Amino acid sequence: VAEYGLNSRSQKAGLDPGSLIYVGEPRSESVRITRVDYKAGYYKAHECVNVSDCIPIEPLEAEAPEECFHWIHVEGVHDEATIQAFGEAFQLHPLLLEDIMSTDQTPKLEEYDNALFIVTKLLSFLPGNTSLQQLHSEQISIVVLENTVISFQEHMNVSFIPIRERLAHGGSNKLKKHGPDFLAYSLLDVVIDQYFVVMGNIGETMDRLEDRLLSESNQFTLRELYRLKRVVMNVRKSTWPLREVINWLHLSDTSLIQDTTQPYLKDLYDHMVQVVEQTESYREMLSGLLDVYLSNQSNRLNSVMKTLTIISTIFMPLTFICSIYGMNFEDMPELRWSYGYPSVLIVMAAITTVMILFFRKKRWL
Amino acid sequence: VAEYGLNSRSQKAGLDPGSLIYVGEPRSESVRITRVDYKAGYYKAHECVNVSDCIPIEPLEAEAPEECFHWIHVEGVHDEATIQAFGEAFQLHPLLLEDIMSTDQTPKLEEYDNALFIVTKLLSFLPGNTSLQQLHSEQISIVVLENTVISFQEHMNVSFIPIRERLAHGGSNKLKKHGPDFLAYSLLDVVIDQYFVVMGNIGETMDRLEDRLLSESNQFTLRELYRLKRVVMNVRKSTWPLREVINWLHLSDTSLIQDTTQPYLKDLYDHMVQVVEQTESYREMLSGLLDVYLSNQSNRLNSVMKTLTIISTIFMPLTFICSIYGMNFEDMPELRWSYGYPSVLIVMAAITTVMILFFRKKRWL
Amino acid sequence: VAEYGLNSRSQKAGLDPGSLIYVGEPRSESVRITRVDYKAGYYKAHECVNVSDCIPIEPLEAEAPEECFHWIHVEGVHDEATIQAFGEAFQLHPLLLEDIMSTDQTPKLEEYDNALFIVTKLLSFLPGNTSLQQLHSEQISIVVLENTVISFQEHMNVSFIPIRERLAHGGSNKLKKHGPDFLAYSLLDVVIDQYFVVMGNIGETMDRLEDRLLSESNQFTLRELYRLKRVVMNVRKSTWPLREVINWLHLSDTSLIQDTTQPYLKDLYDHMVQVVEQTESYREMLSGLLDVYLSNQSNRLNSVMKTLTIISTIFMPLTFICSIYGMNFEDMPELRWSYGYPSVLIVMAAITTVMILFFRKKRWL
Amino acid sequence: VAEYGLNSRSQKAGLDPGSLIYVGEPRSESVRITRVDYKAGYYKAHECVNVSDCIPIEPLEAEAPEECFHWIHVEGVHDEATIQAFGEAFQLHPLLLEDIMSTDQTPKLEEYDNALFIVTKLLSFLPGNTSLQQLHSEQISIVVLENTVISFQEHMNVSFIPIRERLAHGGSNKLKKHGPDFLAYSLLDVVIDQYFVVMGNIGETMDRLEDRLLSESNQFTLRELYRLKRVVMNVRKSTWPLREVINWLHLSDTSLIQDTTQPYLKDLYDHMVQVVEQTESYREMLSGLLDVYLSNQSNRLNSVMKTLTIISTIFMPLTFICSIYGMNFEDMPELRWSYGYPSVLIVMAAITTVMILFFRKKRWL
Amino acid sequence: VAEYGLNSRSQKAGLDPGSLIYVGEPRSESVRITRVDYKAGYYKAHECVNVSDCIPIEPLEAEAPEECFHWIHVEGVHDEATIQAFGEAFQLHPLLLEDIMSTDQTPKLEEYDNALFIVTKLLSFLPGNTSLQQLHSEQISIVVLENTVISFQEHMNVSFIPIRERLAHGGSNKLKKHGPDFLAYSLLDVVIDQYFVVMGNIGETMDRLEDRLLSESNQFTLRELYRLKRVVMNVRKSTWPLREVINWLHLSDTSLIQDTTQPYLKDLYDHMVQVVEQTESYREMLSGLLDVYLSNQSNRLNSVMKTLTIISTIFMPLTFICSIYGMNFEDMPELRWSYGYPSVLIVMAAITTVMILFFRKKRWL
């Protein structure tokens, strides 16, 4: 999970508020805009080449029902002109536009006169790689208007395709019957489902780390522990405010959200509570694992020192005895005894045995 | 206590909200449904073979009093058709049904127009085994309707049998006189009583650990400490929200709860507060035990190092003296003294004595 | 301070709520009941042999003033029949009776229609022994009725005798003039004064521990530290809720408490705040002492290792020099020099001196 | 900073509430009472020999203006008769009087019908000694009445003399123009200014400790760290409640405080917030310093062990080589080589060089 | 970031509240005052030589539009006369003036009848040096009046020049059209943008530290860690209250702030939330880095001790064997064997090999 772009942010110092400047990783792909018109029993998707193809909202085809709902999905927020065009067509506040382009926002909810504005973070893995090192965070901005939802995401990716599928197929499911508020809910549901995927992944990584820590422990493990901690910290930074966003959305009395959508938002809030609590559990477990790690190191030091002490305690007295009889005094009667040498060997064997028994008793061996 | 099924959960990503998909450990047993009709002076239990035997609610027998109360208890929530049937018969909200089947919920209370919905976790031990490793957590969902309580649990087990006994025996006790709210209270009371059992078990385990830690300490103990910490963390994850659930229930002004039941809910809330505080105590005691453990390790290292230092400090000077008289200089007058050898031995004995007294004084021996 | 009786508690699992079952240490003494009738200028104490001597409340003697106040003090709560009799005579709620007999309650305040019910914990030392190991906790339940206070305590002990003295002597002091609310306040005042005694004791124990820690430190001290921590934790578990109880009592607008008693309750609350803050201070000081302890251990290890290193660093080079001249090469010219031996001795003395100066400079000696 | 007198406190157990008993260090000096009458343009100070000289409030001199303000300052609160006399003359509540004499109060504010009662702690250094060991805490009680302020302090000291100076000089400054509320504010201002002095002192002590810790570290430093921690804890125990007292004073709508004084109380509150935040900073810095200390110890151990390891690693192989050629086998060809001895010396020099290079590379040297 | 001037502060003890005394680092430069008159389409800047050139507010030139807005920017707050002059000209409260000169304030917002008073801290680096050691904090006081903003800063520096540029250029941008509230917002925006710059810098420093910690670790790193911690603590001390200030400003219903400015204040608040959360993240990461550091030290000790143990374990037995055959017993048959010497050498080689294999297996080598 990349850090919020504090450096890019600081380049905006001194600029007029509301200036549209892209804050985020540099990007050069072109922007892709998809417009979907739908209603119970009707569905029409449309890839827009230019922004002007999408807006203003007019019936794309003759057979479109009156008052159908619109979903405009924008992939890529680095192009000032595009964002500006949306701002003018839908009369969006300049600060709202600025927030869309500043991809270092914390999740938030803002109510404007004609619009609900939701910023959130979508976590996803690169295709075919679910390593937490490759966890990718991108900003999703959702603008809920009267009959229209406009959603912005930083990259082209596949996260929201299932929603389009559900709109395209099935003649008249919940998603097609309800208005833009239900669509916005569904988008948030996708975002939060991704958190569950990430949580599951973190949990597995933690279990693996735990197994390794309880068997062996090395510097490498500590680094992984530390990296995991940073991942959890970053996820937490997104989830706490998102929980509040969902709660405000649920409690809000804006006319843009219909009563029938409320139970779904409550459900979403419950999910979010689960995610947040899981994050807290992970933090606590990580600190528990650190304790295990440090205690392991201390255990290992103890074991190393015991080895050293055993070796020294056995060989120092033995060597001392030998060195006594290595002295060159002229008058050392033991040296002339014929059983002198075997006796010394026996004494040394006895000392060794006693030492070993002593360490056994002390449970060092 | 098993982790919430984050992985299963993540398989639901992208699905329609309200889709009935079982989230939990795979299960293949069939579902058992028991229906009890009761009223002061009346009791009739009925094992339902099919769901349709239980619902719709009609007098099972001619002699049943009018307006008697119903308790339908479902063991097993993995069968979509069963849950769906209940949903249709009692007009339950799709999200409520989804929550019953998703066994990774945190405890919560939801008020619907016609129903109170309570989710909680029942902790229990496998029969004949009260080891905390075998602590088992299952989700209990309770739906309180006007004259009916429907309760769902994941497995067949014996926890709620005493309640049925109390309904069957005793002509007209409190449980039989009061309506479904009192029955729901009694179910929750069973759940919370189980927490006390688990708390007592944790307390005993902790006392055992404490005794062992204050006498000896090894890697094994740390692992147990860590496992106990995880158990306490998991219990805590269930108890905090449950306390809130009971509090909301107590403070709620829904018509489904009668005034006479309120003091009992207050009492339940007090019990829950006790459980939560005990959990917090255990967390603090566990961290105290970890300090004891780490300090023990450090003590042991100190003692190992003292042994090494004593051995080295005694034998190094002695060996040094011997090695002086092991030198081969031609002109070493001491070597020719007739008392040379005994003098050296006496000097060495004196050094040893001084060293030992020195370590005594330093309290190392 | 004994742990709350979680095990006894868990034996109640599955029972009817409101069932009167004694939860606590097993006890066999008989229950002692004392009834005091008092009013300004009047005092009459009466030891009741049976419960029926005490209740119902009727003038004990002809000369008793009309509307005098009653204080019934019960020592021993393990007898179901006694408690039941009180419940019937004063129309007390079954859950209130159950709480009196369950001596594992946390302090709490409950308002019933006709009664205020206060549960608190009295800490006391065994006579002639103020060691914290012998700190004893018992549950005090106080029922405030219109003209009557009924107080329950687990054992016979002397804590409340001063209150009876104040009622007996002094023609018309505050305690005698005011009603049952002031008596209840006075009982709580005794309980809280005991906390100050215990706090003073903990403070002295901590000072003693601190002195010992700053001079010497051993395993024994850590155990005491850990035990003191558990005592503080247990005291804290009683004091936090008691502070809230006093606060609610102070803020309550029940007619059972007169306005003139309010300033005294405010004063009591201030005392309780002091106790709670002192507990928090002690917790923080204990963690500070643990840091001192661990740092002491680390210091000691450092000092042990320095000794070892100094010894090794001095004797290893010396022994090496000796062993050079202990080699048996035929052609070692130094061996034949007449000043060879003294020169080597001088070199070794020089090395020793240099080493000692080096360690002095490094402040190891 | 002395601990609150918990032991003295506990001697009050069992006494009537409102009994006037001095709680604090024993004291034998006589009580000094000073009465100041003042008004814009008028000032008259008066040392009272007896309490009766001061009260009741009557014009001391003919020329005193009508309705002038009075400030009675009492140094010494250990004499029951004095306090009792004030209580009767100004109709003060018995609990208020008890609080004045109990010098172990935490700072608090109480509103009585006719009086505001403020308890606070004045920190001061003994004259000519600003060591934190000599920090002295005494209780200041301020009673604000309609035209009169009565202030009590435990000792005679010079803290409030500047206020009398400001009353004596300057014909008509703010202090003289405004009523007793402004005088009370000014007294509190003196108290809080002292906290800034103490904070500055703690800050300097901490900087000194930090410098010493980053250069050297010994047992002595840890003790100072621990003592500083206790000082900060004690200061904190006074400042947190004082902040609340000032806030309540600021928010209170009592008629005893005039609107013109409110901005000054707000300013005082801001100062108090600064003091409290500084205390928190100091706590955090102290824990940071402890980390530095422990890490220093660990560094030192590392360095000791490196010395030992280097010495052992160099001399053990050398001594081993010597001991090979110290063996007495008859057939050791090397011994007879004429270059045997020099070769061995060269080999040993080479080994030493290699070892030293190895340790250089490992950055141990 | 310099500590708040506690020492200077303490010199104010005993002074009249509202006395204008400069609290801060001594300064001798003269004060520079700049006055800007602006309105949509009009701009006139004016360097004032004396305070009297700036005030009272009168049209500086004939062509100035009626009711134009004024911005008076004062660089240097150490001159009492200047501050006093502003106080008189704009009728500012004495405490407000005192706060401007006391540069040790925590950020705060005060509402006076005719003025909003905002105190904040501007963090900046010295030109050409972005080391955190050179981070500089100065107090910015902003007084918002009806048509005028007066801003005070301690030094002359370039931070606010971009705002003057935006006023000078561009005929009629947002800043010129809106009144003093928008100007105050813009000043705060500059201050907060600086926090982002500092955050970015701290983040980079932390990444560098992290890289170094995971590769090597020495005493120097710990000092940097500790210094970084103090920087973060100091930044935090400014940011938490500033967040509250912005929030109060946003929620305030003062007539001095127009509705059109509110969304910008909300935006500012969001930025501030980001800064505060980032600070908290940094604190947590720093404590994580400390864990890594301590664990590194412990690892290194382990590695040192392993080296020592390996060396000792290999050479002690070898030296012992040699010393056996260095004994001078007359009857040692091995000495006379012709293969004695080679056999011993082979035995020693075998022992060495076994030891090395043993350590390999234990993963010590």
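Structure notes:
Residue numbering begins at 1 within each chain, and the chains themselves are lettered A, B, C, D and E in the order written.
FYI, a contact is a pair of C-beta atoms (placed from the backbone, for glycine too) under 8 Å apart; a residue touches a chain by one contact, two chains touch by 3 or more.
All figures in this text were calculated on a predicted structure; none of them were measured in a lab.
Note on connectivity: the fewest chain-to-chain touch steps from subunit B to subunit D number 2. The copies subunit C and subunit E differ by a rotation of 145 degrees on their C-alpha atoms, rounded to the nearest 5.
Copies subunit D and subunit E of the same chain sequence form an interface built mainly from non-equivalent positions, shared numbers / all numbers used being under half.
In whole angstrom, the spacing between the mean C-alpha positions of subunit A and subunit C is 44. Spacing of subunit B relative to subunit C, judged by their CA centroids, is 27 angstrom.
Residue positions 294, 298, 301, 305, 308, 312, 316, 319, 323, 326-328, 332 of subunit D each touch two or more of the other chains.
Because contacts link each chain to exactly two others and close back on themselves, their graph is best described as a ring.
Ring order of the chains (start subunit B, then subunit C) is B, C, D, E, A. The touching residues of subunit C, when paired with subunit D in their complex, are 162, 166, 173-175, 185-186, 189-190, 193-194, 196-197, 199-200, 203-204, 214, 263-264, 266-267, 270, 273-274, 277-278, 281, 284-285, 288, 291-292, 294-296, 298-299, 301-302, 305-306, 308-309, 312-313, 316-317, 319-320, 323-324, 326-332, 364. By the touch rule above, subunit E contacts subunit D in their complex via residues 3-4, 6-7, 9-10, 12-14, 16-18, 93, 95, 98-99, 104-106, 108, 110, 219, 222-223, 226, 229-230, 233, 237, 290, 293-294, 297-298, 300-301, 304-305, 307-308, 311-312, 315-316, 318-319, 322-323, 325-328, 332, 334-336, 338, 340-341, 344.
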